[in-house]
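Lettered A, B, C and D in written order, each chain numbered from 1.
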Amino acid sequence: MTNGWIDIKNTDMMLIMGGNPAENHPCGFKWAMEAKRNRNAKLISVDPRFTRTSATADLFLQIRAGTDIAFLGGVIRYALENNRIAKEYLVNYTNAAFIVKEGFKLPEDGLYSGFDSAAGKYDPSTWNYEGSGGSGPAGATGHAPEPVPGKVGGATPPPALPANVAYDLTLQHPRCVFQLLKQQYSRYTPEAVERITGIPKDQYLKAVDLFTSVRKDGDMKKVATIIYAVGWTQHTFGTQIIRTAAMIQLLLGNVGRAGGGVNALRGHSNIQGATDMAGLYDSLPGYLKAPVPADSDLATYLKRTTPGSSKPSPWASMNYYSNTPKFAVSLLKSLYGDAATKQNGFAFDYLPKVDRDYSWTHIWDDMYNDKVKGMMAFGMNGVMIGPDTNKNINALKKADWLVVGEIYPDETSEFWKAPGITTDEQKNIKTTVYRLPCAGFAEKDGSMTNSARWVTWKYAAVPPPGQARLDQDILAQIFLRVRDLYKKEGGKFPDPILNLNWAYADAAHPSLSQVAMELNGKALADLTDPATGQVIRAGQQLPGFGWLKDDGTTMCGNWIYSGCWTEAGAQIQRRGTEDPSDLGVYPNWAWSWPANRRVLYNRASCNPDGKPWDPERKQVWWNEAAGKWVGNDVPDFKPDSHPKDHMGPFIMNPEGIGRLFAPIGVLADGPFPEHYEPIESPIKNPLHTDQSNNPLVKKFKTPYDKFGSPEEYGIVCTTYRLTEQYHYWTKNNPMNVQLIPEPFVEIPVELAEEKGIRGTDPIKVISARGTYIAKAFVTRRLKPMMIDGKKVYQIGLPIHQGFRGIAEDEGRDARTPANLLTPAVADPNAHTPETKGFLVKIEKA
Amino acid sequence: MSQAATELIRISGHAGVVPGAGLNREFRVAKLVDTTTCIGCKACEVACLEWNGYPFSETTFDNTYQTMPETAWNYWNLIKFNEHEREDGSMMLLMRKDQCMHCEDPGCLAACPADGAIVQYANGIVDFQEANCIGCGYCMTGCPFNIPKFSPKARKVFKCTLCNDRVSEGLEPACIKACPTGCLHFGTKAEMKELAETRAQQLREQSGFADAGVYDPPGVGGTHVIYVLHDAKNPELYGGLPKDPHVPMSVRLWKGPLKWLGNLAIVGGIVGMAFHYMRFGPKKEEEIKPDEDGRRR
Amino acid sequence: MTTDAVSRSSAAHNEEMVPRYTLAERVNHWIGALAYIYLLITGLAFWSPYLYWLAAVVGGGPVARAWHPWVGLIFTASLFWSFKQWHGDMKIDDADRAWAKAIPNYIQNEDDKLPPVGRFNYGQKLFFWAMFYSVILLLLSGITLWYTEALPWSLRFVRYAAILIHASVALFTIGLFLIHVYMSAILEEGSFGSMVHGYVTRAWAWTFHRSWYEQVSGGSRRVQ
Amino acid sequence: MQTSRRDFFKVAAVGGVAVTVFGFDLKPAYAQLKELKIARANETRSTCPYCAVGCGVLIYTIGDRAKNVTPQVIHVEGDPDHPTNRGTLCPKGSSLEQDMLNPRRLTKPQVRRPGATDWEDISWDNALDEIARWTKKTRDDTFVEKDANGRTANRCEGISFIGGCTDTNEFNYLVVKTMRSLGLVYLENQARV
C-alpha cells in the first residue's frame, strides 16, 4: 500500500478491483465504510463475481476475468478526453512532459519496438527518454551516458537513462509521454472495452464518469483511491494491471495524498515483511537486487544497481537509491560480520549469483526435471498453492527429501498420500519426508509488517504444544548442525556457512528481539553527523538509515527497517493511540518503514509551491519560516528542499517523478500496459488477434503443462477466498468449517439451467489439467456475458479445501484442491502464476 | 430484597410485584444493525459462538453463504443472506444479522409460565434464566421473530443474552465488538435511534435508497436491536423480518382475557357448587317403593 | 308375600348391594382420575403465576413440564379405554332427552320427579362425551405444545391455535371435573363408594338409575 | 471494599421462600448473571496471523504468569487500542482461540521413509541430524562455484526453500541469512503467489 488501512477513511472515491476486501480484509474494509458514512464516498466494485464487497458498493460491474487492463486503459482514455486529469500534478510530478526516444513504437499490433521473437524478449533500448540536446524544445544540453555494463542472465545490458532528459511542459511534443499515452489508449474506446470485458457500454461509462468525477474540470480537492489484491497480480500481465492503476492515479493526481494511492491489500499477515526481507530469489533485504554472475565484484554490482539521476536539467532529483552502496555494504556486514572486510569486497562472493528465473513455478518445473533434489517448506503448502497441484505432487515424488515445518497436517507433507495414489504407488515414491511441529502465532514473539507497512511487535502468550518448537529454533538448529558438518568434514565452499554472523546470545534459540535489533542496524565504529555534530558510539543502535555507511562502519540487516529498534527502544512496540491530525496517521503506534512514514510520496499531496492540494487534509507542507518540510506525517522528501528547487516527489526514482512511461525495461513487457488475453481465453484478443497473449509468457514442457482450447473448455473460471476461511489453514478449525462446511462452485442460473444442474448438486469442473468436484452454488450474482459477440459464462470457486482438514478427513467432500485446475504460467515481471482466469468445462458429477 | 432486584423490570410467570418495574434508574441499551454496511462476514457469528462457548453442530452447504437456515439453541446469531434483484436488474445481496431483538414488550416473557425463567433488566435486555426454565417452549410461541430455540439435550430454551455478562461489567456485547465494518453499534437506545435515523437519511439523500429507514417495530413496544434497512418498506426481503411484528394475538388472549375468564369460571364454579350444596344438600337414596320394584318385569 | 317378609326385605332389600362397576372399570377410572389430578396440578401451575408453587409440590417446574405430556397420554389412554368399556352405555336415547327436560328437578334434588334412566343418566353421558372429545383436542394441541420446536416456523399459526385450544379446553374440563367430583363425591351419597368397591345399594340404584336397576335386579332379586 | 454491580447480582441470585397470595412459594433465583470469564485472566497482546490488515488481538490465558501455572488460552478478542482494527475481528480472527487449542495440531516430529505408506515418529535430534546430513549432501552434489562462462556463481541449485507469509520478519531474515549463505537460489515465498 502506498497509503494505509486507516487512510482509506479520507477518500472520496474507491475503485475496488481485483480484490475483495470486504471478504478478505474485513477489519481493514471498515475504513472504506467509514469513508462512505462520514464523507459520502462512493465505492465502485469491479469483479468477475458479485462479491460481498460489491454488496456495499454504489456501483457494481461484472468484468470478465483478466481484462482489467482494457477496463483501466479505457479509464485513462476517458480521463484524457474529458479533462478529468490533474494537469499541474501531471506536468510537475510525472514524466508526462518527458520526450521519448525516436524509434519507440506503440503496440498497435501487440508488440512494442524491440521484440526479439527468437529469444522471446524485448530489447528495451528504444524505451527510453530522449536526452536533452535532442528534440526537446525546453531541453538543455547534455548527452545520455553510455549504458552501464552488466548483464542479467546473459542478456543484453539494460540501457541507462539519460542524465538530462528532454521535455516539453506544454505536453504538445508528439513524442512526449503524454501524447504517446493518449495515442496508446485511444484504442481503448468504450466499445472496445465492452467487447473485451463484457461490460455494457452504458454501465461502463457510468462507472468511469463516477470515478473520474473527483477530478471534474481539473479540481484538485477530491481524492480517489484504487484498491486491489491478487485478482490483479495472478495474471500473466498482473504487474501491468497494477501499473495501469498507478498511471490512472498519477494522471488524476491521487498518489501521495491522504485517501488516495494505489493500495495492495495483501493476503497474508506478513507478506509485506516477507517481501521486505527478500524471501524471494531475485532480491536481497530492502529490495536490493540479487547479484548476477556478471557482477564480478562488489563494485561492479553496486555500479549496476545504483541508479544515476536522470531528469530535466533545471529540476532537482533526490534519487534515493543513489545510497544503494550504503545499504548493500551494511547488509553484508550484518550477514558476515567480521568476515566482511573492505579487502574481500565485504564478502560479496559469499552471495549466490542468480542467472535465470528461479521463481516459484520454476522450482516445481526444475524439481520435476530432477534438478531440485531437496526442499524445505516452512508454513508453505506448495501442493495446495499450485498452480497445477498435480504437477507439484509429481515433482515432489522425484525429490530426494522434503522437510515440512507446519502446525497442522497439510497436503504438502502428505503429497505421497494424495487421493488417487495407491499403496503400491506409495511404495515407489522414494522421497524422505520430515514433518516438524512448529509453533503457532500465539506461541512466538517477533514482528510482522502489515500491508500499510506498519511493523508491529507481538508477544508470546503460551508455549508450543507437545514437542513443537519455535520456527526460528528449528531453523537455527538445522543451520548449526550443517555448519558443524562443514566444520568437521569440509565441503563445497564452506566459507559463507562458517562465517555467517550468528552472534545471538543463545545460538540454538536466537532471540527475535536481537534479530530485530540487527535489522535496525548498529554502528561498528563511532559515527558523527557532520551537519549536527551528533555522535553515535560504536555498538549503539542506529537512529535510522540516514546513518548507514558504505565503508563497513555500520551494519544493518535491512535498510528500510533501520529505525525500528533504536537506542530509544523498540519503536515497533509503541502503543501511542493519539492521532493529532485525525487523518489516521497514528505516528506513535508501532513504526512503519520507511522512517515511520505512513503515506508514501506525501510530498505530492502539495502543489509545486508546497501547499496542500486540499487544506482540509493536510499531510505535509513547506514551512517557509523554518525552511523545511513539516506536517502530520513524516515528509517523504528531502526535508530542506525548497519548492523552488523543483525536486520531484518520487524520490525513489532517479527522475524524481512518477512514471507514466516505464523506461528501459523496468518492466520486461512494455513501458505502457497493453491488454493481453489470459493464456486460456475464450476469445482472441480483439485489439490484435495475432498477438493475443503477453509475448513474454513462457510455457513449461512437462506432460502436466497442458492448455485447453475455448472450443472444448468454454467457461471462464476464477478462484477466490471466502471471508469465513483463511487459505488452507482454518479448514482445521471447527468454527470456520461450520461456517463453510463444504467446497462449492458458484455458477450462473442460466448455465445451471442449460446443464440441468440444481443448487447443491455435485458437479465436476474440468480444465485441461485436472478435475475439481464440489457442489453447485447456483446464483444470480453471476450473469452470462457477451464477449466479442459471443455468450460466455463465468464461474468461480473458492480455494480453501484440499485433502487434509476436518471436512476432508471426515470424507464430507471430494478432496480435490482448487489448484488442480490452474495453469503454471506466470507474469514475466513478478513471476506470479495465472490462477485468476482460465478455461474449464462443467458437468454433473 | 437486595437492591439488584430493582434491576429487573419484568419477570416471567411471576406473582406479585416486580421490584424494578417503573423505577427505570438506568438507561436502555440497544444494538444498531446497519444492514447497508453489513458485509456478511459472520464475525458476529463466530464471536458469539466463541464467547458463549457453545458446542458446534455440523452444517451442510445449502446453495447459500448462510451458515444454517435459522438460529439454533447453540447458534444465537445468524446472518441471513438474500439475493435480491432490483427493478433495474442490478443485484443486491441483502445481509441481516438475525438474533434476539430484545423487545421492549417481549412476547416470550409474556408467554412464559415459569417464575423468573425470563427476565427483563432495567437496561432493556431480555434474558433467559436457564436455571428457572422448565422447557415448556411457550416462549417460542410468544416470540414473533422465531428466536428462542429448544435444546433437546438440556431440555431448555436458549437465545441471545445480549452478552449481559459483558454488559453488566461495562463491556459491549461480543458481536458488537467484533463487527469489522462498524455495521453493528452499541449504546443507549436513544443514541442508537438517532444514529440510525441519521444513517437512513444519508441513504435516502446520498445513496439513492428512497425507502431507507429504521426498523424499530412499535408492535412489540420497540426493540433493543434496531435495523437500518435500504428498503424499510419491505423488511421481509431481509430473510423474513416481519413487517409489523406483534406478540401473537392468541398469546395475548390466552394470557389476558382467557386467564381472567378462566379464573372467574373456576372460582365461580366452586362457589356455585358450594351454594348448591348449602341450598339443596346431598342427594339421598330413597326407599324402594315395592310396588314399583320390578314394575316392568 | 308376607308383611313380615316385606318389612324385613324392605330394610335389608334396600341395603342389599348390587354390582355397578367392574374391577376393570374402577381401575381405569382411578388411573384416569389420578392422571387428571396430576394434569390439573401441573396444568394450573403453568396456568397462573399464583399457582406456580403447585409445580414445586410435584417436583418442580422442569419435572412437571417433563411429566405433564406423558401423564396426558395416560389420561388419554384411560379415556379411550373408558370409551371401549362404556360407549354402549353412553348412547343418548329418548329417555335421556326426557330426563334432560326435567333437569331443574335434578338440580333441586327432586329426583323422584325425574323420569327413570339407565346405567348412566344424561348428565353423566354428557360429561363422558365432553371429556372424551376434550381429551382429543387436548391431545392434539398438547402434542403441538410438547414439540413446539419441531413445528416449522411457517406453520406457527398451529402453535397459536394450540395454546388457546389447550388452555380453553383444559379450563372446560376443569369445569366438568369440578361438577363430576362434586356430584359423585359430595352430592350423591354412595356414588363415590361404588367407584371404590364396585357396588351400590338397591335403593341407590332404584333412586338414581331405575331403568338400569330394573335391568340388573331381575337376576339378583329373590325368587318370588 | 468496593462492591461491584456484579456482587449485587450475586446477592440477588440467592433464592428464598416468600409467601404469596395463594400459598407458599419457593422463590427462584432471579437474574443469575454469568461470571465474566476473562475477569482475572492474563492478557497478552499479539497480532492476528491471517491477513495483512494486522489486527491487534488480546489473548486471554489462565494464570497470572506465576511460575507454577501452565497458561492455557481461554479467549481471544480484538485489541481496542489498535488503530486499525479498534477491537474488531473478522470470523477468522474471532476463532483464533480454536487455532491455539486445536487437537489437530502437530505435536511431534515425524518421518516418512522412502516407500513407506505411513508416518513414523522420530526424535528431534535424529530428525535434525538427518536433515543436516541431507542438506550438506545435496548442497555438495549440486553446488555451482563457477558458471559456464567461468564467472563466480557460488550457488546451490539442488535445494529449495519455500516460506510462508505468516511468520515474523525476524524469522524471514534468519531464513535469508542461513539459506543465502548455503547458496540457495530457489528461495521463494508465499509473497510470490
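Basically, a contact is a pair of C-beta atoms (placed from the backbone, for glycine too) under 8 Å apart; a residue touches a chain by one contact, two chains touch by 3 or more.
Nothing here was measured: the structure is a model prediction, and the numbers come from that model.
**Student:** Looking at A-B and A-D, which one has the bigger number of contacting C-beta pairs?
**Tutor:** A-D
**Student:** Specify the chain with the shortest distance from its C-alpha centroid to the centroid of every protein C-alpha atom present.
**Tutor:** Central by C-alpha mean position: chain D.
**Student:** In angstrom, rounded to a whole number, how far apart do the mean CA points of chain A and chain B lie?
**Tutor:** Inter-chain centre distance comes to 50 Å.
**Student:** Can you give the whole-Å distance between the Cα centres of chain A and chain C?
**Tutor:** So the centre of chain A lies 86 Å away from the centre of chain C.
**Student:** Could you grab the centroid distance between chain A and chain D? Build each centroid from C-alpha atoms only and quote it in angstrom.
**Tutor:** Comparing mean C-alpha positions, chain D is 26 Å from chain A.
**Student:** If you average the Cα atoms of chain B and of chain D to get two centres, how far apart are those centres in Å?
**Tutor:** 39
**Student:** Two-or-more-chain contact residues of chain A, please, as numbers and ranges.
**Tutor:** Expected reply: 26-27, 30, 723-724, 734-736, 739.
**Student:** Identify all positions of chain D at which a residue touches two or more other chains, and write them in rising order.
**Tutor:** 20-22, 25, 78, 85, 88-91, 93-95, 98, in rising order.
**Student:** Multi-chain contacts in chain C: which residues touch at least two other chains?
**Tutor:** 50, 52, in rising order.
**Student:** Which chain D residues qualify as touching chain A in the complex?
**Tutor:** The touching residues are 44-56, 59, 61, 70-73, 78, 81-86, 88-96, 98-100, 102, 104-117, 119, 122, 124, 127-136, 138-143, 145, 147, 149, 151-178, 180-193.
**Student:** Under the stated contact criterion, what part of chain A meets chain B in this complex?
**Tutor:** 22-23, 26-27, 29-30, 33-34, 36-37, 40, 50, 52-56, 58, 60, 722-724, 734-736, 738-742, 744, 759-760, 775-781
**Student:** Which of the residues in chain B come into contact with chain C in the complex?
**Tutor:** Those in contact with chain C are residues 13-15, 70, 111, 113-115, 117, 132-138, 140-141, 146, 149-150, 152, 155, 248-251, 253-254, 258-259, 261-263, 265-266, 269-270, 273, 276-277, 280-288, 290, 292-297.
**Student:** Looking at the complex, which residues from chain D come into contact with chain B?
**Tutor:** Residues 5-6, 8-9, 11-12, 20-22, 25, 28-37, 39, 75-78, 80, 85, 87-91, 93-95, 97-98 of chain D touch chain B in their complex.
**Student:** Over in the complex, which chain C residues touch chain B? Could you list them?
**Tutor:** 6, 10, 13-14, 45-50, 52, 55, 61-62, 64-66, 107-109, 111-112, 145, 148-149, 153, 156, 159-164, 167-168, 171, 174-175, 178-179, 182, 186-190, 201-204, 206-208, 214, 217-218, 221
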